[in-house]
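The same chain A turns up in both complexes below, where it pairs with chain B and then with chain C.
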Partner chain A sequence: MLDTLIAGLLHGNAYALVAVGISLIFGVTNVVNFAHMSVFGLGAMCAWFFIADLRWPFWATLAVVVAVTGLTGLLINLLVVRPLARYLPIAALLATYAVAQILDSVSQWVFGPRVRPFPEVLPTDDLHIGLMRFGTSDVVMLALTIAVMAALGLYLKFGKSGRAIRATSQDPEAALQMGIPVGRIQHLSFVIASALGGVAGVFVALYTGTVSPTSGATAGLTAFVAATLGGLGSIPGAVIGGFVLGVAEAFGVSLFGGSVDDIIMFAILILVLLVRPGGLLGRVPVLAPEPMTGTFLGRGRPIRLGRWGLVAVLAVGGVVIPVLGSRTFLTIGTQVLIYAIIGAGFTVTAGQSGVIALGQAGPIALGAYASALLALLAHWPFWVSLPVGGLVAAVGASVLGSALWRVKGHYISIATLGMGIVTVAILRVAEPLTRGVYGLYGIPTPHIGGLALDTPLAFYLIDFLVLVGTLAVVVRLRSSHLGRVMSAVGSDEVAAYASGIRVRDYKALAFAVSAFFAGVGGALLAHQYTYIDPDLFGLTMSLLVLTIVVLGGVNVPFGAVIGSIVLIGALEVFRVTPQLRVILYGLALILVVRFRPGGAWVRRA
Partner chain B sequence: MTETQAATAQTVAGTAIPPLLSVRGLRRTFAGLAAVDAVSFDVAPGEVVSIIGPNGSGKTTTLNLVTGAIPADAGEILLDGRRIDRLDPARIAEAGIARTFQNGRVFGALSVADNVAVGLHTTLRAGRPARRLSTWFLLRWIPLLAELAVALVPTRAARREQARIEAAVAAELDRFGQRLAPRRDDFAYTLSYANRRRTEIARALAPRPRLLVLDEPTAGMNPSETAEVLDQLLQLKAEGQAILLVEHKIDLVMTVSDRVVVIDGGRVISEGRPDAVRRDPLVAEAYLGRRRGKA
Partner chain C sequence: MSTVRRRALAAGAAALIAVALTGCSLSEGGSGSGGASPGGTVYFGVSAPVTGNLAEYGRLWKLGFELALDKINADGGIDGRPVGLKWEDSQSDPKQSVVVAQKFVADTSVIAELGDFSSNASIAASPTYTAAKLVQFGFTNSNPDFTAKGTDYQWSTSLTQDFFQDWNARTVKKYATTVSVVYQETDWGKSAFGFFAAAAKKYGLNIAYSSGFDPKGTDFRPTLIHARDAKPDAVVHIGYGPDGVLVANQLRDVGYTGRFFGGQNVPEFTSGAAKSADGDVISGAFVTEDPAAGVQSFVTAFRAKYPSEEPSDFIVYAYDALNTIVRAARSGGASREGVLKGFQQSTTFPSVQWGDFSFNPQTRRPNNPTLKALVLKDGKFVLDAND
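Here is the complex of A and B:
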């Protein structure tokens, strides 16, 4: 019991250090920095390298880690966050995720992907209070954290630049007018935050006794939730959030086992956000001054295809490519089409209702599993299980998401991220039905009569027809009164509510519509891969869907087709390696955001 | 009782019509500070009532309370004798109160015409089947899904209703002459400040509200644009539209209002006909400060 508590506090300790960094950065730049997770991993790997390989002393290593991670943070802000955040904060968020993947792959390339033991710097099992055993190492870590937190607290309260950080975080424009060099303050915050993240990486490595280049991902995500839980931008909140999650996780795992980790974490997050929409210590104004997506929606006019353009697109997509395309080309085409279906459906949520959901992989997984299980266990034909997969995704995502619509601003994005992860965690836990991590295989391919439709050409044509149907529905919805109402919700919630629109209900409806198409896309994936497992539907997939939509234009269903061609098709056709691909994602985002902030398929106004 | 309060009592007694809007003892605090405290006033049918007062006196908070944008801590708000102070903004809108905002909140991603059409949401019948269920837990999905179905496959009644909406939108835009009509298909985010305010007013007026609530409709407008708004307000008044107005431009207030409520520090300090309020020494004091040497 007490053991569990101590373990929880020690974990919470590291989460708190990382969460403080995330909150600090969010405070001054308004950007959720996913790269922070990798900075954490980088810190751990660096420490391993200097201690185990070069035999440096621990203290010198810690200094090197602080320098390396601090510099990394500075570079992230200089090269990625600042150029993007000015035009489109959501693009900065997506780009930081790309940076995280780059850092992870660089780290894998430099250090090799194995998990390896971390040297025991200080004794880990030499002390005890009563029956509870712990080590000098744990005591030193706790003391260091407390010292670092106290120093940070005093610095922010009394230091000149510390006060400038707080001022920038409260109102960057006013701070600028008071002569605070906001740009430099943002750099400084990145350096401090990243150095803290690096130190936390070392601590966790010390505690768990192992390191791997991707160790940042799990702990980083928890810290990210901790920062949200405490209230984004609030430093004490991040500390509390870190400890709360560390302890809750320790008890949860000791009671129910490791697989429920994610579910517990996000359940706590959502419960807290329902009671306190701005997190434990954060504050959400009574009346939001401007909608979060205000700078982001509909700047510019979508390009119109026109009748002949439409005919040309249909002819190329439906006749020319199927006739001329090689098997490989058509296989890539099916991927492009499926992501275009998911993306076009997602414009209803991300564009019209203005909810930047980060968990679309959830409904995709629900649709894929539902359709696959119906085909495998109940032997339903594909043509029935496909739409039913969509419906299951819509209903499932709506049930899991039903509590989210009270949450506001950035918090709703993070809550949806949690929903996506929880969905997949549930699929993993529901082992008797879903076979857990082993996945489902032998999913039957579609048939017409006795004819098996298992060639790339057949898949391509099925996907093409479903895409055309999706676009027809989404475009029709947009032009209806309901579509206008949904767009009103995304443009300005307060004004919409005052016009008699029940904002939450229409967000929920938009989300259900998007989830339906995500589920249909997932079902198509399942029957074409013939194999699915929970790992397919991770955060990377969710963010890929969002990137596709942002790239094409959140408010433009056809933009999702463009985004999908660029992000899935082009990179696949040119056989870009995964590492380079991430860099190209980032580059594509930067180019689009710089020159067409409303999306590739939107003319600048 | 001051002279102006006596005058008010007379008018209310004299009309003997039950008030359209009745606000009694309204109170709202923010972190311990009473932004609105014991505010009471009435708006009779067809009457134009203005709330004036120095900056930070609680005018906009009063409007936000009346329209349900923020909940009141205490007090009663009645529309046609029915309590509305516990309702959410959507139900208050359905009850017949439409409003505009201080900074002009339009739906940037929609065209001007679509902005106005959204204002008609509360009037939809065929387009929103079973809408009576929309306040019920879980059952609200029935009207939502029905609305989705009608949006994708419109019934004949829904198509007729859509035509009616288009006509109503056109009529509303025409109210502003050549200002809005040529821009009906432009995105609202491209509009000038004054045109945003016009679009907002058109959106609020479209559903023919029982009470129109305007928060500084001429803020940021030049004198000729202000004069235009004044004409439109007088026109609305002639049509019998009840209006609750917050405005800083005193000339406009004096011309258009039937009654003026002056608040300062969250409390009503004077109320009555425009000319009477203008002469009230308390009002001058609130705006200009206390005369030196006077108690």
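Here is the complex of A and C:
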């Protein structure tokens, strides 16, 4: 028991230090910074390079890491976040995700992909409590966390620029009017937070003993949850969140085994958010439009296709491509179509009801597994299991998400992200039924009569028809009374509430509609891959769906088609240069978001 | 927006799709005609993790392939035609390996495929290769299902996990009677543990505690505390190199002082766990000091080409795999049918791992392979004197 507690505290110590930076950036810029994880990884790799390769002393290395990561933070804010946040924070969020991909790839390119032992610059096992050994490094890390927390606390409370940081976070417009150079203050907090991230990277590498260019991603997600748990923007909250998570994970894993850490982490997060919607120490968000979407519904109007445009698109998609496309092209085409189906359905949640859900992989997985299992075990024909997969996803996601709708703002994004991961974790644990990590093989492909529809062309045509159906339903829904009510909820929650609309119920309904199409998309994937396992439905998939929708325009069902073509097509087009593939992809993403921040299929109003 | 502009946009979008379409079709047609001309380069497709968290294995493969290619082409390639590789990055992700498969299938200059790295990425792509009658040579796929549930077109030089884990349990039994086992919570790790547990029972090795761990995690102490508290003679780790380092080191951090078995013969493990895993015994395909002529000529050539690299298992697997498939193509002919015929009819294949070997045509895996016992000493795996 005591040993487990110590293990948890040691681990929580590492989470806390990373979470502080995430919380700081959020508090000031209101931007959730995914790139922070990569800055963290970059710091660790830099430290490895200077110590192990160039033989620099530890303290000099730490100074270099602070300089490099601080500068990286400044560049991220200067080039990506700041220009975009002016348009809308969600674009900035996606851009930071793209930056994360670029940084990770560059780091992998420069340093090589392998995992390396991190030099023991401070003793890591010279102390012990009972049998549990730890090192001076852990003590220094703890001291650093406390020092940083205290210093930041005092600085924010009494320092001149510190107070400016707080003023900026409370009300940027008012701060600007009071003569605070808001731009410079935001730069400053990015520099401070990123430098902290870099230092955290060094100490966490020392703690785990190994370092690799992608090590930031795993630690980053947990730290992210820790920051949310403590209350985004609250520095002591981030530290407490880190420790709570570390200890809870240790006891959870100790009691239930190593495969449940995801479930435990997000279950705690969701429970805390239900009791305290602003996190442990955060301010409870006031009833206001979703900070990420609310302001830009009026920013642009969807481009209308017109009758001939529609005919042209149908002809190209339904006739020209199937006739001329090669097998490879059609295979990529099926992926594009499936993600377009999922994305078009998702516009109901993200666009109309204004909830930026980050966990669509959950309902996609539910639909995929439901349809695959019905086909494999009960021998249901594909044509029946497909819509049933959608229904299972809608019902399952609604049940799992039922408690979430009172959570608001960024917190709902993180909570849905957690829900997606928990859904997949449940599928992984339900091994007797789902075969868990072994995955399901031999999922039957669709049939008509005795004819097996297992060619890329057949898949393409099926997906195309389903997409056309999806778009028809979603577009029809938008113009219905129900759809207008949902849109009202998304554009101004307060006004909708005041008009007697039960806001939460409509959000839940919109989410169920999106989950249905996500489930249908998942079922299509399952029957076309003929193989699925829980790993397919990770965070990357959720982010891809959101990115597709934001890229096309959150309120534009047809935009999801464009977004899907760009994002999935681009990754394939850039295959010609494997080394640069992800980097070019990230750059393309940033450029599109930069020049069409309202969505590719939206014109400025 | 004006009607004209709207139309222009729609037309633009259509044109864009059309261009992409023809671009794609054209490139395939181009490479196809190249392969048809006699005397052109013979290509093998490689579906591999070039980026992503398994990229290190892709890099090791490349070292092995390039070295083998030098010799193969110096010896006149296949029937006088030079041999080349077409790489596609799958990140060893089943979703991407299927797309890669479609690409190779459509490219008629590709006569067989090597990879993918992980069994599930390979298995997901198997139906595509089978339908196109293209040999899929999954030379690192230790999951028996890859060949057992595959068809005539799935071949592998990787020994299966039932074989490996039987050896593993028998070896551990020499040093311990009670063990704690931690294994990767993945399809690979769980099935490997299943084979280990069955073999342990057979040899009378008592498993006092077992648990999976998430290989993407960085902290395994809570699990390892339980492993320690079961008071085993040894702790067995079933996983890869990078997680092996963490398990071995953290095992010492929770105060365990007994023997450790596990990890992999990759630099990531031997450099990171040199101290904490000292005395670890694993099975190996190869060690540099092996006096066998095949091993020595490989090591010499390797050191000449890559002075700053150290030869290791995955490099040898790749090196052997390319030589094996080239032998098949030389015997059966430089075509898709030829490679299959070569695999089925040739009786000996060259290898660094076992010298000359043959395939069992039923299992499509090597016949009667042998494993060497390697022991970790001062951060290096060497032949075990006790073996």
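One rule holds in what follows: the second predicted complex is superposed on the first by the 564 of 605 C-alpha atoms of A that agree within 3 Å, B and C clash if a C-alpha of one lies under 4 Å from a C-alpha of the other, contacts with A are read in each partner's own complex, and residues count from 1 in each chain.
Rule of thumb we're sticking to: a contact is a pair of C-beta atoms (placed from the backbone, for glycine too) under 8 Å apart; a residue touches a chain by one contact, two chains touch by 3 or more.
Source: prediction; values computed, not measured.
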Chain B and chain C placed together on chain A: clash or fit? fit
### Message
Contacts for A:Ser487 in the overlay, against chain B (first) and chain C (second): which applies, first, second, both or neither?
### Response
first
Geometry row: CA centre of chain A as apex, chain B and chain C as ends, angle in degrees (steps of 10) is 160
Chain A contact check, chain B vs chain C, more residues touched by chain C
| said: Per the contact definition in the header, classify A:Gly359: touching chain B only (first), chain C only (second), both, or neither. | reply: neither
Exercise. Which partner does A:Gly198 contact after superposing on A: first (chain B), second (chain C), both, neither?
Worked result: neither
- Partner chain(s) touched by A:Leu509 [first = chain B, second = chain C, both, neither]: first
Is A:Thr331 touching anything from chain B or chain C once the two structures are fitted on A? First, second, both or neither.
second
Can A:Gly230 be said to touch chain B (first), chain C (second), both, or neither? neither
- Task: Look at A:Val253 in the shared chain and tell me whether it touches chain B only, chain C only, both, or neither; answer first, second, both or neither.
- Result: second
Practice prompt. Tell me which partner A:Ile501 touches in the superposition: chain B (first), chain C (second), both or neither.
Written response: first
Once superposed, chain B sits from chain C at a minimum Cα distance (Å) of 15
Residue positions on chain C within touch of chain A in the complex are 1, 3, 6-7, 9-11, 13-14, 17-18, 20-22, 24-25, 28, 50-53, 55-56, 58-59, 87-89, 94-95, 98-99, 102-103, 105-106, 120, 123-124, 127, 131, 145, 149, 182, 185-187, 190-191, 211-214, 216-223, 225-226, 228, 241-242, 245-246, 249, 252-255, 267-268, 271-272
Counting only contacts in the complex, chain A reaches chain B at residues 286-287, 294, 297-299, 301, 351-352, 473, 476-477, 480-485, 487-488, 490-492, 494-503, 505-506, 508-509, 513, 555, 605
Interface with chain C, chain A side, in the complex: residues 3-4, 7-8, 10-11, 105, 108, 112-117, 125, 128, 130-134, 204, 208-210, 212, 214-215, 218-219, 249-251, 253-254, 257-259, 261-262, 303-306, 308-309, 312-313, 316, 320-321, 324-329, 331-332, 335, 436-439, 441-442, 454, 456, 529-531, 533, 536, 565, 569, 572-573, 575, 578-579, 581-582, 603
In the complex, chain B touches chain A at residues 30, 64, 67, 69-70, 88-90, 93-94, 98-99, 101, 105-110, 114-115, 117-119, 121-122, 124, 127, 134, 140, 144-145, 147-148, 150-152, 154, 162, 165, 187-190, 200, 203, 207
